[in-house]
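Chain naming follows the written order as A, B and C, and within any one chain the residues start at number 1.
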Amino acid sequence: MVGKARIRASLFVTCLVDQLFPRVGVGVVRALRSQGVSVDFPPDQTCCGQPLFNSGFRKEAAALARRTLKSFAHSDRVVVPSGSCASMMKVFYPDLFRDDPEWGPLARDLSGRVHEFSQFMVNVLGVTDVGAAYEGRVAYHPSCHLLRELGAVDEPVSLLNGVKGLERVELPEAGVCCGFGGGFSVKHAGISEAMLKDKVDNVVGTGARAVASCDAGCLMQIGGGLSRRGADVRAVHLAEILGGVA
Amino acid sequence: MAQGLGTPRGEFIASVRRRLGRRAGAPDSPYPALGEELASLEERGRQAMRRLQEGRGALMARMAATAELRGWRVCRAANSEEALDYLRETIQGLSARLAVRSHEEVFRETPVDDLLAGMGVRVQVMARGDDREGGFDPASADVGITGADYAIAETGTVVLVPRRGVSRLVSLLPPVHVALVRGPEVVEGLDDLYLFRRLEYHRRGGDMGSYMNFVTGPSRTADIEQTLVIGAHGPRETHMIILEG
Amino acid sequence: MAGVKMREFRRASARALADDKLQSFLGRSMGTFDGAREEAIEELSRQRWDELRERGRAIKRHTLDNLDYYLDMLCDRVSQNGGHTHFAKDSDEARRIVGEIARARGAKLAIKSKSMVSEEMELNPFLESMGVEPVETDLGEYIIQLAGEAPFHIIAPAMHKSKEDVGELFEKKGIGLPNLKEIEAMADAARVALRGKLIAADMGITGANFMVAETGTVALVTNEGNGRFCTSVPRTLVSIAGMEKIVPCLEDLAVFMRLLPRAATGQRISSYVTHVSGPRRPGDEDGPEEFHLVIVDNGRSNLLEDPDLREALYCIRCGACLNACPVYRKVGGHAYGWVYPGPIGAVVSPALAGLDKGKELPYASSLCGACKDVCPIKINIPHMLLKLRSSVAEGAERGGTKASLGERLAVKGYGWLMSRPRALSMARRLGRWMQWPVARRGLIRRAPVPPFSRWTRSRDLPALAPRPFRDLWRRELAEEE
């Protein structure tokens, strides 16, 4: 890093990680710092508003979005360990404020500065081997928003491939939704469970010791399904592996 | 019923316009294809013709190959003798008693009637207009024989359009359909076909006939358990004889 | 709209999930279309496929943005071909138009080739009530007509019926010999039963896959040949089409004839494409003496009017989004409660039948976006579902439907909390205290209150972590820098 200006990034940790999976946040920070990134954490951040937006409550979502826009107004780059929250900020904030003369420009501006964690590592930092190690077989579940809103097909996979000791195994029907879908998981619990069952079957079938993903929502769903079944497979966030805290 | 039933045209269209929030008139961004002059269409038609002529040999091969993939039984005939030979074999295998055919150019070069009569198959010809001596009953026929107006190599399709002496039913009612395709009728792709038909429409001052049927192999259904069954309402067996000479 | 049951999505989907026979069918069959589609696309090359999709989308966008203009052109060209165009603002009017044509021509037997719009307007019971016998001639449609059911799938209406089901149904209705076992024999029995009707019909009714404004042409894509019968044999031909089915130029069909069959069934082209440009001309040997085109709005204006929803009208009804949808794959087509199931149905049905009736459907999705991925027109269904959800939520705000009161309170509460980090941390402490009796080693196996109890029916729930990330940051991580 000598001679190069240090890359600075603000962490938007997301409400789920903050409250339920703080270790994911630790992993992100460690992984970023291992690449010489200077990380900060704007303290008044909370939730991007996605749960409200997805339920149709745009006014209420906009209030949280404005809050988030303010929190990150001065950040060079914002790193988000969640495909769906990153989509919210990159894709849906501009949509939410498209006719708003005050917040519209801010939303469009932030959109360009937001990076989902794996995309930041590979596309901004240009690394696929962060020097992490993890023993054993790992399957990768691509989260829907990361895959289809943000188009990240290869980034998480190449990062996993760069981990020493990690043997990546193909997950059958990997691209099929795990059934989380935010409010969907409880509003249509029966359907969500049926989708989850297929996912858990597929994960268990790989014989992996862990299934990695880039979204706390999927981890909550898949992890919850695995532990309920008593399967000896963990659901981990990619950042936990890369940050050496898995 | 010249007057439309239901909501008057002007009212309906005005309502659509209102819901779109649009002003009356042509689109702001014009649709290039629709603005095209006949001369330019003609020129594109000529270019396509030239391209097709230059690639004849490969085109015939592709026509035969895709047709086969789409379920036709295909014969590439160098001349009408070969075509008739193939037809003889086909009819023999069918134990047919009655054949119907349309009244078309191609049957002058490839006279099928004598052959069929010689095999004991009665032939009914879709006669011109009302002159229907000898009857015409495609519903009872064992085989229907037609020419083609075009054939599309990309899709393995025979294209039929209305003319005097051509019935829509010959290729539809009998369980077996034999189509005679002449070399120059073969076009490369859907683009060529629609271009040529569009050209005809405009050349004829805005008419391209009442219908155009694409026929690609036998009729089929997969509506029960997604299991393919060949032979639904249309023919179950289709033969394409390509006259390359 | 007597048949609208969209409100019952939750109950109907629960029924579907509990139906073992349906579940085993869905598990077995839903992948079939997918495989065929992928193969057909690979053969063409991904890149070429994507170019075609973009082209198709651009054509549809242009046409819908200027729909009034193209409707006008189409109507002129249909007249020029000697046909008649009729406009129906709703189902009621559409039914009356078709009824009036049937009455004026003294029609007694109408053969129909598959038309979703005619399902939408419940044409069959209407025709029956006026003494016209409607006969569905597509095998799948014929089966569900005999069974008195709604289509299960846009392109395979009877796919949920096993051959045993069909065998029983045919036996009950006296189609073919009793005790049919083989699919081929059943298809044959249907063909024989229908042949007489196909020849004797005095009215043909079809849908329209595409209408060409330039030439006044209706294009029909079929495999069985029934569409050809309907357009060839009866004296009177009526095509019914949603007003969005227009393309400007004849050459545009080259794009859609490549997109539709591949996306729908993985075919390179279907067995038949029938293009109808008016009634028979003098000199034609056969064909209908009269051609009527009925153009139907029936709520499509609601989609047209909203720039965020307009692209729902780009749909070419290939059904690919149904096959790809993990929710459809679990609950099947009937749970959606109306003519158009699956992801596109969740957008179109509420707009056509009324958001009030259909407000459950936009939520019948995990928003995974698989539908958009496979759509040959790249229709952004998840974004439209989000838009519709906001209309539902705003509607609830204005009108205040009771059902969403709990949800509204939860939303307000969540929004309030997430705007106040201090209150949040207090709520967190309260939550930690409340979860203490049920949390073991960081997991809650059985939460006592909804919505959490719904989660823990089949999944463990992570408990609130001992410390939130923000505390870890303050205490340890900030200093490492």
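Operating definition for what follows: contacts are C-beta pairs under 8 Å (C-beta built on N, C-alpha and C of every residue); 3 or more make two chains touch, one makes a residue touch a chain.
What you are looking at is a predicted structure, and each value in this text was computed from that prediction instead of being measured.
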Relative to chain B, chain with the most remote C-alpha centre: A
Innermost chain, where centres are averages of C-alpha coordinates: C
Chain B and chain C, separation of their C-alpha mean positions in angstrom: 31
Euclidean distance of C-alpha centroids - chain A vs chain B, Å: 55
Partner chain C, residues of chain A touching it in the complex: 13, 15, 17-22, 25-26, 29, 33, 38-39, 41, 43-44, 46-47, 49, 51-58, 60-61, 63-64, 67, 92, 95, 144-145, 147-149, 175-177, 179-196, 220-221, 223-225, 227-228
Parts of chain B lying in touch with chain C, wherever the complex brings them together: 1-2, 4-9, 12-17, 19-22, 24-27, 29, 31, 33-34, 66, 69-70, 126, 129, 139, 155-157, 162, 164-169, 172, 189-191, 193-195, 197-198, 201, 206-227, 229, 231-235
Partner chain B, residues of chain C touching it in the complex: 29, 32-33, 62, 65-69, 71-72, 75, 77, 80-81, 84-89, 93-94, 96-97, 100-101, 104, 137-140, 143, 156-159, 161-163, 166, 183-184, 186-188, 191, 194-195, 198-199, 214-215, 217, 223-226, 228-229, 231-233, 243, 248-254, 257-258, 265, 268-281, 283-287, 290, 292, 294-295, 297, 301, 304-305
Contacting residues of chain C [partner chain A, same complex]: 10, 13-14, 17, 326-327, 330-331, 362-370, 372-373, 383, 386, 388-394, 407, 411-412, 414-415, 418-419, 421, 424, 428, 443, 445, 450-452, 454-455, 457-465, 467-470, 472-474, 477-478, 480-481
